[in-house]
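Okay, so chain A shows up in both of these, paired with chain B first and chain C after.
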Partner chain A sequence: MAKLLKVESPESVVEKLISLEKRVIAPVRDGRLHRFLPVTRMEDADFGYFQAEGSMKGYFLPATEGILKFSCTTNEQKLEEPDLEFPETFIVGCRPCDAAALSIQDKLFEWDYVDEFYKARRDSTTIVGLACTYADNNCFCTSMGLAPDSPDGSDILIVKTEEGFLAEISTKKGEKLASLLELKEKGSAEDRRRAGVNAGKLITREFRSEGIPGWLKSNFEHELWDSMCTKCIGCAACTFTCPTCHCFDIVDEPVGTSGERRKNWDACTLRTFTIHASGYNPRSVQYKRYRQRIEHKFNYYVDRFGRFLCTGCGRCIRVCPVSLDMAEVLEEISSRV
Partner chain B sequence: MSVYSPTLLKVKEVLPETHDIATLIMGFQDGAFAEEFSFKPGQFGLFGAFGEGECALAIASSPSSKGQITCSIKKVGKVTSSLTSANAGDIIGFRGPYGNWFPLEKMKGKKLFFIAGGIGFSAIRSSLLSVLEKKDNYKKVVLLYGARSVGELVYKRELADYEKNSKVDLIKTVDPGGDEKDWDGKVGFVPSVLEEMKPKPEGSVAIVCGPPVMIKITIATLVKHGFKREDVYTTLENRMKCGLGKCGRCNIGKAYVCKDGPVFTAAQIAEFPPDY
Partner chain C sequence: MIEELRKIARDLLTSKKVGVVIGYAFVKANSNRTTPIFVTETEDIERLVFNPLCLNNLTVYLTKKKPEIQELGRPAIVAKGCDVRSILGLIKEFQLKREDVVIIGVGCEGVVRDFKDWSGKLTKESMPTKCLYCKVHVNELEAKPIEERRRFWKDQFEKCIRCYACRQVCPFCYCDRCISDKTMPRWIESSAHGRGNFAWNLIRAMHLAGRCISCEECNRVCPVEIPLNLLNREIEKEIQEKFEYVAGMDTETPPPLRIYSEKDDDAWIR
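And then the complex of A and B:
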């Protein structure tokens, strides 16, 4: 059972951490949008936001990251490994859908071989989630088994209640932070429960998702794919803004005889993703690439790791330039189950 | 060190195979790594040309040749162009071994059909060499190998040896139009030649590798002749980047070719969605 303590506000958490000279990342207003950026002054953090433009995925899996430096001449080859030490960091005020994305991705990056770049950052980071007080019609977290106030992925979840703010502490890292913040006064479980009921009402878009993996298993070649997904233009905006999409490329960027090997975001919706050197492409047309995105998120990942690879944050819907609404595809599938 | 860190291989010898295929024999630079390195036939590695990138390729040598590995590479893209033009003394990056392997232990006492097309031979050569080293463990080895043309056959030196080996039945073929005046093999696609051979499934196991279309038709031919799908093995070489089950590129359905494969039985493949 999670521990409930009273907390003054999300701002007070930032203020305290900055005073302790800790590294803090928080939502910062950038024009019309919010982004997760390091903050050194409490005023820079803006928690009156709906959703950040990108999740904080980029902090754990950067859009581009050097994984090896090399310098090779005929006589000498030098390889230089990047530093895998990351500073202790506190991400404060991320939405529950973005926090949950981390616990979903943990399964992949820590399965079998461990991706040290991801793991080292995860280990050195404490996540302070902030329950939603607003949702739009593209939010569908409750259909993904989450909620505007789910603690999944947050070491501490801050929830606005009728009486103020509560800190819901779920992990050891959360406990450590709570003592750092000197949170002592117990919160009311009833207050928390009521906040949860209100949070649940924020979500207006809901569909039954439990039958989706089964439908996907037996309808790989259904006509729905071509008819609904053929308008995808393969721009990859959905995958890049997605907090759970994690597919990447590894490329060498040479400068003369030296250079760097880099891990870059990639996307299954791009034409070149699976193309063989011979020119043969198993996913020869666009709807097959979009189908992979759906199959991976709602079927394969469920089989392998027991969870949807989606938190219902709705970013993919908001950014799609051709209005290919993934929730609509899921609703269509759900109606056929 | 991270899971993406390569170890270094030094090219000892380059054997030209065809106009666009070369075999590299390489030794590990790091003595301790060489000492500990072991792999099983069918596993692959990520071979890297620094400045060009990495490429997933089957290890073509037998695990018994300690401290060195062989890889046959067809020049197709950027990385393979660099690797095939390597000279003795050049340094290549290596990560591996990755993936699963052919269960040769389970095949003891059986008649083995090795069926290869083109450069696909390199992916089953390690198994073939291992089997021939312990040939008393196996009843018989049939090697059916085809290429587009006589000039595109790889491992010609070894084919000549197999012709003299009483434990090996070698059937070589080239695609129609690919033969030459002195060609002593067959003319026809691998599955058609296999069809003519009327392979008997009793006590037999097949190991198949070649281009995707050849694999598909060869499996169908074997099944038609009564082979159980469980007794037909192949190795798939989807596009890969990490080799570690992370980058999300090589999946067929829920299977990662790099982790759950590259070796699959035809029974497993029959369960896959048509996405390879």
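And then the complex of A and C:
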């Protein structure tokens, strides 16, 4: 049972952390979007937002990251590894779908090989989630086993209730932060329960998902892949805005005889993702590439790690240039289970 | 008008004059959003619609980027005025023959800039620049000193995540191997840092010089809302001034960057 303490507001958390000279990342309005950026003044944070353009992914698996520097002279090669010391960081106000994505990704990056870049950033960061009070019809977190007030992935989850705000503390990092913020007054379980009931009413789009992995195993050649996914134009908007997608490409960027090796976001929806050195492409047509996306998220990842590689945040649906609705594909599969 | 559109589509399909009708339909979960559909069976004709939510430039599905659509047979395509200009451009670039496509032109009175801007009816404020035939934004930026313009684009391109939505949705970006995907040598850094992004976005704009017809799909699809088409409009203006050429108005006039003409201004050669 998580600990419940009263907290003034998400803004008060930012204010206190800034006064303690901590590095704080919060939602900031940028034109018509909100983006998670470092803030040095409480006024710059705007918690009156639905969902940020990017997820928290960029703070743990950046869009581009230097992993090695190299330089060559006639007689020697020098390699320089980056310093993996990251400043203590507090992300305040991220949605439960974005926080849960981190626990889902942790399973991969701390699996048979521990990704030191990802881990160093994770270890130095505390996540303060903010439960949702609004959802649109592209949200489907409940079909992914989550909820608008799920504490999964948050060290502390701030929930707006009838009586004010509550801090639901789930981890040691959360407890450490709660003492730093000097939260003392206990919150009411009944107050939290009622907020949970309200959160449950937000999601209007639901489908049964437990049969999806099984269907995917036996329907690799089903005609719905072609009929539903051919309109995909093969960009990476869904993949890059997705909080759980994590494929990457390693490239070298030389300048003369020295340079840097980088790790960059990659996407299975892009045509050249599986192109061989011979020029042969096993996923030669777009529906096969989109099929891979679904199989990875809803079949292979489940086999490997016991969870969907998806939190139902709905970004893929909102950003798609051709309105390919991934939840519609899942609903179609679910109806055939 | 919608009944007429559906009737034309039905006649074309049943007479086998076309193998597929490329058009717009409402998304199943959301009647405030449309999506492309590829109608090959008459029972799907009823899904075809045309209204101010029909934003997509469907021409992208006629290009060689989508061979699986080309395999469906001779296409008919629902096209707004701006979309038709990109079809003409493709014909001019020998990507398809005029007789191999049936253009179902629709009388468009404007579309909304993005689905997010839809309030239930079309308003002047919610239309994209192209619908207003207004070049105000280009002039605003143009009037600023060059250092400020450079700063503007540098800041915008910091946001770019190299998702290539702009490239994939553009009917004129159909190269088998885009310059940004080439290795050996790597011409443009693929990393999403400021330097690589600046190179990518500028080169894409340059490769569209004399070809882009400002359908503004790039603006609509960019997930980080970079006003990409502003760059293209500036180049379009240069092309109009230097070569008296407007893209996509017919299939005969040779595009200036493909043809040498003795009338070309040589003053820049010093």
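To be clear about the criterion, the second predicted complex is superposed on the first by the 337 of 337 C-alpha atoms of A that agree within 3 Å, B and C clash if a C-alpha of one lies under 4 Å from a C-alpha of the other, contacts with A are read in each partner's own complex, and residues count from 1 in each chain.
The definition used in the following text is that contacts are C-beta pairs under 8 Å (C-beta built on N, C-alpha and C of every residue); 3 or more make two chains touch, one makes a residue touch a chain.
Values in this document were obtained by computation on a predicted structure and should not be read as measured data.
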item: Which of chain B and chain C A:W265 touches, first, second, both or neither; value: second
item: Which of chain B and chain C A:I233 touches, first, second, both or neither; value: second
item: Touching partner for A:A63 - first (chain B), second (chain C), both, neither; value: second
item: Touched partner set for A:R283, first chain B, second chain C, both or neither; value: first
item: More chain A residues in contact [chain B versus chain C]; value: B
item: Which superposed partner A:D249 touches (first chain B, second chain C, both, neither); value: both
item: First (chain B), second (chain C), both or neither touched by A:S55; value: neither
item: Contact residues of chain A, present in both the chain B and the chain C interface; value: 249, 251
item: Parts of chain A lying in touch with chain C, wherever the complex brings them together; value: 31-33, 53-54, 63-64, 137-138, 205, 226, 230-231, 233-237, 239-241, 249, 251, 253, 262, 264-265, 267, 270, 272, 285-287, 319, 321-325, 327-328
item: Chain C to chain A touching residues, read off their complex; value: 27-30, 33-38, 56, 60-61, 65-69, 115-116, 161-165, 167-169, 181, 186, 189-193, 196, 217, 220-221, 223-225
item: Sites on chain B touched by chain A in the complex; value: 1-6, 8, 48-55, 76-77, 80, 89, 91, 211-212, 238-239, 241-242, 244-249, 251-254, 259, 273-276
item: Chain A residues within the chain B interface of the complex; value: 67-68, 70, 72, 74, 77, 79, 81-82, 84, 108-109, 111-117, 220-221, 246-252, 254, 257, 259, 261, 263, 266, 268, 273-278, 280, 282-283, 288, 292, 295-296, 299-300, 303-304
